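Consider the two complexes below, in which subunit A is the common component and subunit B and subunit C are the respective partners.
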Partner chain A sequence: MANLLWLQGGACSGNTMSFLNAEEPSACDLVTDFGINVLWQPSLGLELGDNVKSILEKCISGEIQLDIFVFEGTVINAPDGTGEWNRFCGEPMKNWVKKLCDAAQYVVAIGDCATWGGIPATAPNPSDSEGLQFLKRAKGGALGENFVSKSGLPVINIPGCPAHPDWVTQILVAVASGRGGDLTLDEFQRPKTFFSSFTQTGCTRNMHFAYKVSTTAFGQRKGCLFYDLGCRGPMTHSPCNRILWNRQSSKTRAGMPCLGCTEPEFPFFDLAPGTVFKTQTVMGVPKDLPTGVDKKGYMKLTAAAKNASPAWAEEDIFVV
Partner chain B sequence: MSAIQTLDISPVGRVEGDLDVRVDIENGVVTNAWTNAEMFRGFEVILKDKDPQAGLVVTPRACGICGASHLTCAAWALDTAWGTTVPRNAILARNLGQLVESLQSLPRHHYGLFMIDFTNQNYAGSQYFEEAVKRYSPFTGTSYEAGVTISGRPVEIYALLGGQWPHSSYMVPGGVMCSPTLTDVTRAVSILEHFRRNWIEPLWFGCSMERYEEIQSYDDFIAWLDERPEHANSDLGLYWRMAMDIGLDKYGRGHAKFVTWGYLPHEDKYQNPTIDGRNASVIMKSGVYDGAADTHTLMDQAFTREDVTHAWYDEVGGAHPFDRVTNPVGKNPIDPDGKYSWSTAVRHSESGRLEAGPLARQLVAGGSHGEAWQHTDPLILDMYRKMGGPSIALRHFARMHELCKLYREAERILREFKLNDEWYIKPTEKDGQGWGATEAIRGALCHWIDVQDGKIKNYQIIAPTTWNVGPRATDGERGPIEEALIGTPIQNPADPVEVGHVCRSYDSCLVCTVHAHDAKTGEELARFRTA
Partner chain C sequence: MPQTGSTPGDDALRKTIAEKLAGGLQTEAFPRAETSEMVNEIVGRLRAEAVGDLDKKLIIGGFTDHTIEIDDIEQPCETCMYYLVHRKFCELPELMLPVEPEWSCRLWRI
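For the complex of A and B:
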């Protein structure tokens, strides 16, 4: 039996909602089949008011062993570093977070807000938000660069806006079943098992990418979204096209450009005028190139691709 | 003379976001109430000076539960500002996204958020308690597990259109990003059918949808309940019988005045969207229902006002959202006589404080106002009149009553798609003011946008919970949930589950609310941050 406590800071509940879409295992299976005891969860917890506060206090004192602390949402510091703009049980949430992280065996940050600040931390970051151990790319965050939980691991970051439910359930099961030590994390403390491959890995538009055939406007039945519509699939780490969303699809398969939401910079370019759903270019070359490809290589690659492109690639392919 | 006991409940929980409630209790009954929205992030500040389309990315993330509704509003707001043409398929695809999100929310809210209170020890004396514990205990209850798990299925249809739920941005000015194929439509039909065969009919109704749809009046409903044991023992039947047994029809009244923007633009009537043309184009009509006068009138965005007397903003007057410039206070101590919430008090300039939500929609659906072709339904208005007004029991019943209509409309859309026709017409970007509205499952939602010099000058959101959870207005009139808490019996002040019932019957979403009331100017905010 592993005790799990899940709280939300500057959050939209999107990760909770995503989590509830899980199957194999489902959220209920975690409790009934995998021995996870949910002490409290904002959308699901039975208790209210002082009875919630009592659970938190017992976790902090050690009266209840806190095996896994899950945090969703940003840590809000405004105003003036007090955190009073996000109060919970009569106290700034940031104070609860620090005390609970110190008490927990494992700390898991779910979603972009808890990992690196996400949308609320977009300039001008009005709520003075940050993630648990990062603010965008910068290490530190609410807990500091050197924080490790009782297990010896730093915060396990499961980013995404929202995180895919399977990423969450699989990590929770791993930790609860004593496999925490098997997890390897990348430089942003993301489990490598999910975040080594790219969003583009497995995308149904890969052939169009290879032949440099573009989807020039939404609603088309062919092409790759990278060249004109701002898709970040080639430079974003996620398994979105390996582990499909809602068991059915992915944004790029459905025709929506990847926004790069598993990377610390999301939302990219701070949503400045002219940057939304439009590939940013300099002299016709994308500003952000596929990971590891330089400008010279890209120009050679695309020139060759264009020359080799078969006639069918310009025809509709995702037809009725 | 009895003493007044003041109870601060932080958090109420299971209301999505951080809601705190203070109640005064006298002789075991709530005599006064204050609702505090306790979290502030600043989305509207973030949107200022950004790309005009930034709202399509940012606002679905205002709320992980109603993301499709925010996206719908953001897209229609830009459509009206830019004067786009939206193809028929795209209107249908937007509506379908909205519908399946709401279908998801019905079992998820019912089992995950609402019914687990029926297992509270407070009701150990009820004849239905044992059965409620068996079905509705968190995670392990038979219906809980089935209902929460199947709630993920309808949004698989959202993923077929937008790639994922929550948080897609597939609706864009001029249409949608996707161009579904026959496979997608067939899968969607099959998913709906699965939802019906595995939850709606066997667990929820204990009968066919067609049988339930015959119910037109309160008497019909009671007759249905008594008709067969399968009906009485269904999750709907048990809900109603136990709600009556534990007295949920006796409190949670509120102001008894209601608002809906209407929703689901008809695919042939809103291809050239304008703010003024919306009321006559939506399938589910807009309106204000005044329970005391028993009158229906149309709603218009021009009636909207926001009052900040008791909210943590330093302003005067109740401005229309297009005209509002908000200054948040820096320090936010709770002062029940002064400022005590991040939510503003939303008012109708003529009708005052209004309740938003499914009950509002269904009371409006009972009216004879609006266009002759628009949807009407007499059931909830009949129940309202016969039961003597609103209550927790009726409010939650109204929410679940929408199930069949949402389902039927989703089915119709899947038949109406013309897969080889266009899904998107590329618009010309320009400056201008726009407004987009819809009904999230929990009520009236809308966005106002002002685009100037190719960027967002002002973005405003009013969410359903803003209407419902707002603090007192200048005249001291309580917010809808504050008013609904009056008269609530509290059996055990150490576990005031009754307060939870009232708040959860509104399906409050504090997550959305706090977004709606962020600082509108970065300059003002900076002043407080450096203070």
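For the complex of A and C:
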């Protein structure tokens, strides 16, 4: 049995909604098959008011062993570092977060807001939001750079807007079943098992990427979304095209550009007008090139690929 | 199945465009669209001023019947991502024009 507590800070509840749609394993499987005892969760917990507060206090005192603390949403510090804009159970949420993280065996941050601040931390960041251990790319966050939970691991970051439900439940199962020590994390504390490959890995548009044929409108089945519509699939680490959404699709498969939501800079360019769904260029060359590719190589490769592209690459080959 | 080769209609229009460019049609080939903001501005003008107007498409787009090189980057249609190789066609939604591979415009992007 592993006790799990889930709280929300500056959040839209999107990650809870995602979590409740998990399939492999499902949220119910966590309880029935993997021995996770959900002490409280904002959308599932039955307790209200002082009864919730009592659970939190017992976790902090050790009366209840807190095995997994899950946090969704940003840690809000406004105004003036007090955190009073986000009060919960009688005190600023940021205070509960600190105490519960110190008490927990494992701390798991779910979604961009909890990992690195996400949309609430976009400039000018009016709520003075930050993630548990990062603010965008800068390590530190609410808990500080050197924080480790009782297990010895730092915060396990599962980013995304929202995080894919099965990323969440599979990591929770790993931790609850005593295999937390087997997790390897990347420089942003993301589990490598999910965040080493790229969103482009497994994308059905890879042929069009290779032959440099562009999608020019949303929903088009032909073409690659990288060249014009701002797709960040070639430089975003996620398994969105390996572990499909709803088990059948992904943004890029549906004709929607990857927004790079598992990377710390999300949302990119601070959502400035003209930057969303549009590839940013300098003298016609994309500002952000596929990871590991330099400008000179990119230009040589794309010119050659364009020249060699077969006729079918310019057609809609996905005939129903 | 969508069109992949150049059609007689494309060929005729391409010839018309070639004649206009060779005939001295003054287009806004410079400044090139150096930044995304400039791209957005030019595309916005095409949407507002050039719908159904061939001359304005050529002028605002900055068409030339030869390749422009700038900052050591050659910008021919044939390497532009909007170019369909087999149809010899510019697929930028605001232009949608038959072109020649060695032509150029200031919305070129790779």
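Everything that follows uses one rule, which is that the second predicted complex is superposed on the first by the 317 of 320 C-alpha atoms of A that agree within 3 Å, B and C clash if a C-alpha of one lies under 4 Å from a C-alpha of the other, contacts with A are read in each partner's own complex, and residues count from 1 in each chain.
Definition applied: a contact is a pair of C-beta atoms (placed from the backbone, for glycine too) under 8 Å apart; a residue touches a chain by one contact, two chains touch by 3 or more.
Here the structure is a predicted model, which is why all the values come from computation and not from measurement.
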When subunit B and subunit C are modelled together on subunit A, clash or fit: fit
If touched residues of subunit A are counted for subunit B and for subunit C, the larger one: B
Angular separation of subunit B and subunit C about subunit A, which is computed from CA centres of the superposed model and rounded to the nearest 10 °: 90
Partner chain in contact with A:284 - subunit B first, subunit C second, else both or neither: second
Subunit B versus subunit C as contact partner of A:315, first or second or both or neither: second
Touching partner for A:96 - first (subunit B), second (subunit C), both, neither: neither
Partner chain in contact with A:307 - subunit B first, subunit C second, else both or neither: second
Partner chain(s) touched by A:129 [first = subunit B, second = subunit C, both, neither]: first
Touched partner set for A:217, first subunit B, second subunit C, both or neither: both
Subunit B versus subunit C as contact partner of A:188, first or second or both or neither: neither
First (subunit B), second (subunit C), both or neither touched by A:274: both
Shortest CA-CA distance in Å separating subunit B from subunit C in the superposed model: 5
Common interface residues of subunit A - those touching subunit B in one complex and subunit C in the other: 217, 274-275
Touching residues on subunit B, where the partner in the complex is subunit A: 8-14, 16-18, 20, 38-43, 45-47, 49-54, 56-58, 61-65, 67, 90, 108, 112-113, 116, 119-120, 138-140, 144-145, 148-149, 151-152, 155-156, 158-170, 172, 174-179, 181-182, 187, 330-332, 342, 419-420, 422-424, 426, 454-455, 494-497, 499-500, 509, 511, 518-519, 522, 525-526, 528-529, 531
Touch list for subunit A against partner subunit B, complex: 8-18, 20-23, 26-28, 31-32, 38, 42-53, 74, 76, 78-80, 84-90, 118-120, 122-129, 161-162, 217-221, 240, 244-256, 259, 261, 267, 270-277, 318-320
Residue numbers on subunit C that touch subunit A, as the complex places them: 1-2, 4-5, 32-37, 39-40, 70-71, 73, 75, 78-87, 91-93, 108-110
Sites on subunit A touched by subunit C in the complex: 212-214, 216-217, 227-228, 274-275, 278-287, 298-299, 302-303, 306-307, 309, 311, 314-316
